[in-house]
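Heads up, the next two complexes both have subunit A, just with different partners, subunit B and then subunit C.
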Partner chain A sequence: MSKKSFDISSLMQSKVTWAVIAELLILLVCFLIRPDFFSISYQPSTGMLYGSLIDIVNRSAEITIISMGMTLVIALGGTDLSVGALVAVAGAIALKFLRWDVLAYPTPGDYTVCSYILVLAVPLIVCALMGLFNGFLVAKGGIQPIIATLILMVCGRGVAQILTDGKQFTTGYSPFRFIGQGSFLYLPMPIIITIVVVIAVALFTRKTAFGAFVESVGVNPNASKLSGIKAAGVILIVFMITGLLSGIAGLIYSSRIMSNDSNNAGLNFEMDAILAVVIGGTNMSGGKFSLAGTVVGSLIIRTIVTFVYYFGIVAEATMAFKALIIAVVIVLQSEPVRKYFAKRAALRALRKGGMKA
Partner chain B sequence: MQEKNILEMKGITIQFPGVKALDGVDFSLRAGEIHSLLGENGAGKSTLIKCLTGVNRMDAGKIILDGKEIAPTDPGNAIELGISAVFQEINLCPNLTVAENIFVGRQPMKHGQIDWKEINRRASELMSRFHLDIDVTRPLSYYSTAIQQMTSIARAVDIQAKILILDEPTSSLDENEVQLLFSVMRELKASGMGIIFITHFLDQIYAVSDRMTILRNGHLVGTYNIDELTKVELVTKMVGKDMDVIFSLKRSEVAPDAEFMLKAEHIGDASKIHDISVNVKKGELIGFAGLLGSGRTETAEMLFGATKTVKGDIYVDGEKILIKQPFDAIKADIAFCPEDRKRDGIIGDLSIRENIMLAVQSRKGFMKPMTKQEQTELANKYIKMLGIATPDCEKKAGELSGGNQQKVILARWMAASPKVFILDEPTRGIDIGAKAEIQRLMLEMCGQGVSVIFISSELDEIIRCSNRVVIMRDRAKVTEVDGASCTQKDILKIIAEGAA
Partner chain C sequence: MKKQTLWTRITNPKYIMVYATIGIFLAIYAFGAFLYGDKGFLTVRTFVNLFIDNAYFGISAVGMTMVLITGGIDLSVGAVASLTGMFIAYGTTVLGLHPLTCIAAALVMGVGLGLLMGWVIHYLNVPAFITTLTGMFLARGVCSLISRESIDIKHPFIDALAGWKIYLMKYVDGNWVKIKPIAFINFNVILFLVMIIIGAFILQRTRFGRNIYAIGGNEQSAALMGLPVGRTKVLVYGFNGLCSVLAGISYALYVKSGWNLSLQGGELEVITCAVIGGTLLTGGVGYMAGTLFGVLLKSVIPALITFNGNLLSWWGKIATGLLLLLFICIQRFVVTTSDRKKGQ
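The block that comes next holds the complex of A and B.
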């Protein structure tokens, strides 16, 4: 009996548990207001499932993907502010390759000027290199991550502007459209890509010792180095992964709008990604991280936005409303509240056990 | 001495998950006495103090202060009740002046503004009461640790405390500073204050206290007048049977034809060390003696790659090794237990299991992970072998007592089965029982053919364990002496005079 009560109390102490509870509560409210919120229908014309729930997962794809990398960065005790700008960079490069010279190819259509491989590979490689640059400043230069990544946050969008001569390109190339708007196994492609990314990052961190090394460096870099961990290498890899994932998110984003938008693509994504990680239970000071928690965090953020749109709350109130719910979630997860509930749960279980015996 | 009890704690019981930290402990303090609280690490001293200062909640028992039952809710509340504590780590702001530190949070006001003149005057007065004639308007960081410690005490005293708790106040003080602290303690005692004194130094207990209370494993052993127990009796009561271990320690026996496991020839780093040569035979224990800053730690760090070696050669097991970073040293089967356990050793937020598996795993690289089961088996093996006090291997390493944390770090390196093990002050800040065990472990490893370099400021343990003693001074090696035939006096003489 005592073992069971201990389990309950440790479950109630976990931030991830509270994130899941918060998500379920928001969904419950949605359901109470509009029972059809949960309805999912099949659209034969596109071969895709439709519904609010599908939409939430679909639209959260970019943040979920980026926040996988952000989780690792935060576990190292840092933050990466450049992810939003990298989203814009990836989109700009992709569109640049799709229509190399807008004057020569004035009308957008179902064509690509360079090979499609380049359209996909170059943005990802560039973003990974930019991530590596961040990592280099942090690991070798000893610059605080928030400052080091501020550089690319500021100049990334500028780079994107230069690449596209400040113009907004559009395209109609259907294989490119497939990334953001296509479907596979009845699900929108962004969901599929997200699932692949989440599984890949989870396997990479948890099936190797990489995750443990990240946590160790995040808690105590000195001791980690003296235990033989090559901390600089760990930092470089983590920032490179985050850059690469921002690139993937950038391709999805630009495929959704079939255009590049250097000013607005990925705007404030860094904030949402950090928020997703924090809601998911990873501490900003570094250390233990939870990828599952981050996924839930990202879903919560998107659920709130969908909620606002779906129930026709005035657009001006969206931000305030989002802030309100997030404030509630963060308070629910705060240590005093968690301890209070854990204690109560343990007591209740103990009392129950006592009565039975 | 007055016989009236100013403080009584009765039947104090505190339950932590998995362990009873205190089990029905009684403690009493008279007005105008210095009362030493003794016990090994993990015996419950800090827990008892934390209970008194409102950090820990009691599960049973009561505290009576001045005839009234109290229940301190937090440190602030405890201070209001008249209980002040000064801890080993100084909890002051080094960038503020001495005077500001004493009065921060309760500055005297005049016309709605802080009365700086009054603050500085009263601060000088306080410090001169401690026979310290210093400029209180200088930042605290300008002064030595001793004066910082005094400032801490001055602050506690000025809050009109009835009870002053001094937790390891002397661990970073030199002999004169200790004497200064003692005279202040005696004056405070004469003014009727009750002082609870915690220290690891037995001599100091006898020098200054009136009574002592001994705890062991969360239980009360007893309260004695200072003249009731001899030192040996005291230690026996504190550690139970651990004292036998110390006396039964035997120096490692090195085969006369044993080959050199580690040879460092004329190594030097970029700034401090110019030319040092050391060698260790298989199964030999080399002690590094010397004052703080004599180059002991710097040499160890070079051998392990924590600082860069810019000249000289290092050979392990006959093979020349280039050590650029700790990883290279680990690859060459060198292990290093660093001096600053908190900063460089323990990874506090990770579990004991993760802390123990770290060196083995980093050596393999992250692509060849150990399964969780392998890690747990490894951790449990060493928890059992080293007697690490914990309910299970998933407990956070940072929550362990100092001695147990040190054992976790030893386990981390023993798991990597090193050929050369460098230990920098492995016994600092831990109690006699754990010290004895760590010395025993080092000697056992020697017996199994590991070469050990043992750095310590405590000469008696160096002499007790070492086959050879390397004496360092002013960042250079002065000489080597035979461990079996040298005495503390010989070594001190060489350290002081710089010649053999």
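The block that comes next holds the complex of A and C.
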């Protein structure tokens, strides 16, 4: 009996629990206002399932993918501000390769100029290298991550614009459309890609010692160095993964709009990704991380946005609602509040024990 | 104790980052003068325009420098400034209020939000990054709730304030004449310089300023010394809110309109100004003089690109990024060498 109550109190102290409760509450409100919120229908013409829930998961794909990397960066005690700019860079490079002939043939068709492998591989490689550059500044230069990544955040969009001469290209190449708008096993492709990425990152961090290395470096870099962990190597790999994942998100984003939009692609993604990680219960000062929590955090952010769209509230006002709900979640997760719950649970346990005695 | 002469004070190694900023600014300015001197880069007007076109960044950078010195960060400044502009535009044009009423409301909003964020950061122990990010979302969202379209500001008071200018004169043959090409200083420039001076005074000459440095150096030691850590941090964020509102007023005077998406990403430009001015994001180090030249350094690059005329304006972003990289490397070098000296 006492063991069970102990479990509940430790659950209440866990940040992930609060995130899940918040997500369920928002969904409940959606359901109460619109009972058809949970309905999912099948569209034979596209071979895809449709519905608000599917839409939430689909639209959260980019943030979820990026925040997988961001979770690791934050577990190291850092932040990566450059991810949004890398999304723009990936889109610009992909469209550059798809539409190298844009001057000669302004109308887009179902073709690509360069080989499709290059269209997909080069943006990913470039983004991974940019991530590696961030990691190099942090690991070898000893620069604070927030500053090191600020450089690419400031320059990245400039690079993307210059690659495409400040223009916006469009394409009609159908294999490229498949990434963001196609379907596989009745699900939209972005969801499939997200699932693959989440599983890959989870396996890499939890089935190898890498996750433990990350947590150890996040708690105390010097101590982990002394215990034989190559902190620099861990940092380099984590930033490279984040860069690569931003590249994947960039391809999905540009495939959704079949164009490059260096001004708006990935705008504020760094903020959303960091929020997703923090709502998911990973502490910004580094150490323990929770990938599952991050997925829930990303879903919360997208659910709020969908909620606001769904009920016809001005799209730009989404931010105000986001702020209010996030504020509630963050205050509930804050140390004093959690300590209060812990204290109350302990008191109750004591009282019960006293009564028995 | 060794007597502090003016010379030892000036050559104090702690100012080295400020001198680096000034040196690089002068180098870039000389570079511009060499390339575009014949096109008028060297005129007083070009120099004064650096202030006029970037006064709002500078005003906000004053508050941001203090926040960064405490070891915090404030991402809400762009949104709060934008909301201030929206208050003024919506209040005067749609509601028919006097601009001063709108400004008063904006001040209450900005300082209130700043104090609230400071309170959450210190007493609820939520990271500054997340708290102020939420503040940014909130201010932007409220901005969009008020209006999604750009509103022009048409009010005689605003027109008078925005149009007020002091022409720079020179003394020729017994008469004061306007210098050619005509250069002037406006309300924004004066507000910018006054805020820099106020900021420098607070940091260097008041107990509050010393507390800011102490908290940035080591918050726990500051608390153990009995310094009012919580109060200082809350007030710093409040002061930064004030600076954001003043920056918003200055921006509204500059563009004479309010728009819900104005100054997007402005917070990072402001942080960039402070960092290239020698402020360390780890806290404890930073000077207003550095921030002043940081703002000038950041604004001289777009000026150079305008003078060139052929380059895409995006090269400005890349140049700013490279500048940031250069500064971070210098800072890193300075910190490691001083650490090594301490070690010996």
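One rule holds for everything that comes next: the second predicted complex is superposed on the first by the 337 of 357 C-alpha atoms of A that agree within 3 Å, B and C clash if a C-alpha of one lies under 4 Å from a C-alpha of the other, contacts with A are read in each partner's own complex, and residues count from 1 in each chain.
Everything that follows uses one rule, which is that contacts are C-beta pairs under 8 Å (C-beta built on N, C-alpha and C of every residue); 3 or more make two chains touch, one makes a residue touch a chain.
Remember, predicted model here, so these are calculated numbers, not experimental data.
In the superposed model, A:Val305 lies in contact with neither subunit B nor subunit C.
In the superposed model, A:Thr208 lies in contact with subunit B only, and not with subunit C. Once chain A of one complex is fitted onto chain A of the other, the partner contacts of A:Leu187 are absent, as it touches neither subunit B nor subunit C. Once the two complexes are overlaid on the shared chain, A:Ser224 sits against subunit B while remaining clear of subunit C. Residue by residue along subunit A, subunit B and subunit C are tallied for touches, and C comes out ahead. Contacts of A:Ile195 after superposition on the shared chain: neither subunit B nor subunit C is touched. Once chain A of one complex is fitted onto chain A of the other, the partner contacts of A:Ile257 are absent, as it touches neither subunit B nor subunit C. Overlaid on A, the two complexes show subunit B and subunit C touching no common residue of subunit A.
By the touch rule above, subunit A contacts subunit C in their complex via residues 79, 81, 137, 141-144, 146-148, 150-159, 161-162, 165-166, 271, 274-275, 278, 284-285, 314, 316-324, 326-327, 330-331, 334-337. Subunit C meets subunit A in the complex at residues 73, 75, 120, 123-127, 129-131, 133-138, 140-142, 144-145, 148, 260-261, 268, 271-272, 275, 281-282, 312, 314-318, 320-322, 324-325, 328-329, 332, 336. Considering their complex, residues 17, 304, 306, 325-327, 330, 336, 338, 343-350, 354, 357-359, 361-370, 412 of subunit B touch subunit A.
Within the complex formed with subunit B, the subunit A residues making contact are 6, 207-210, 212-213, 215-216, 219-220, 222-230, 287-288.
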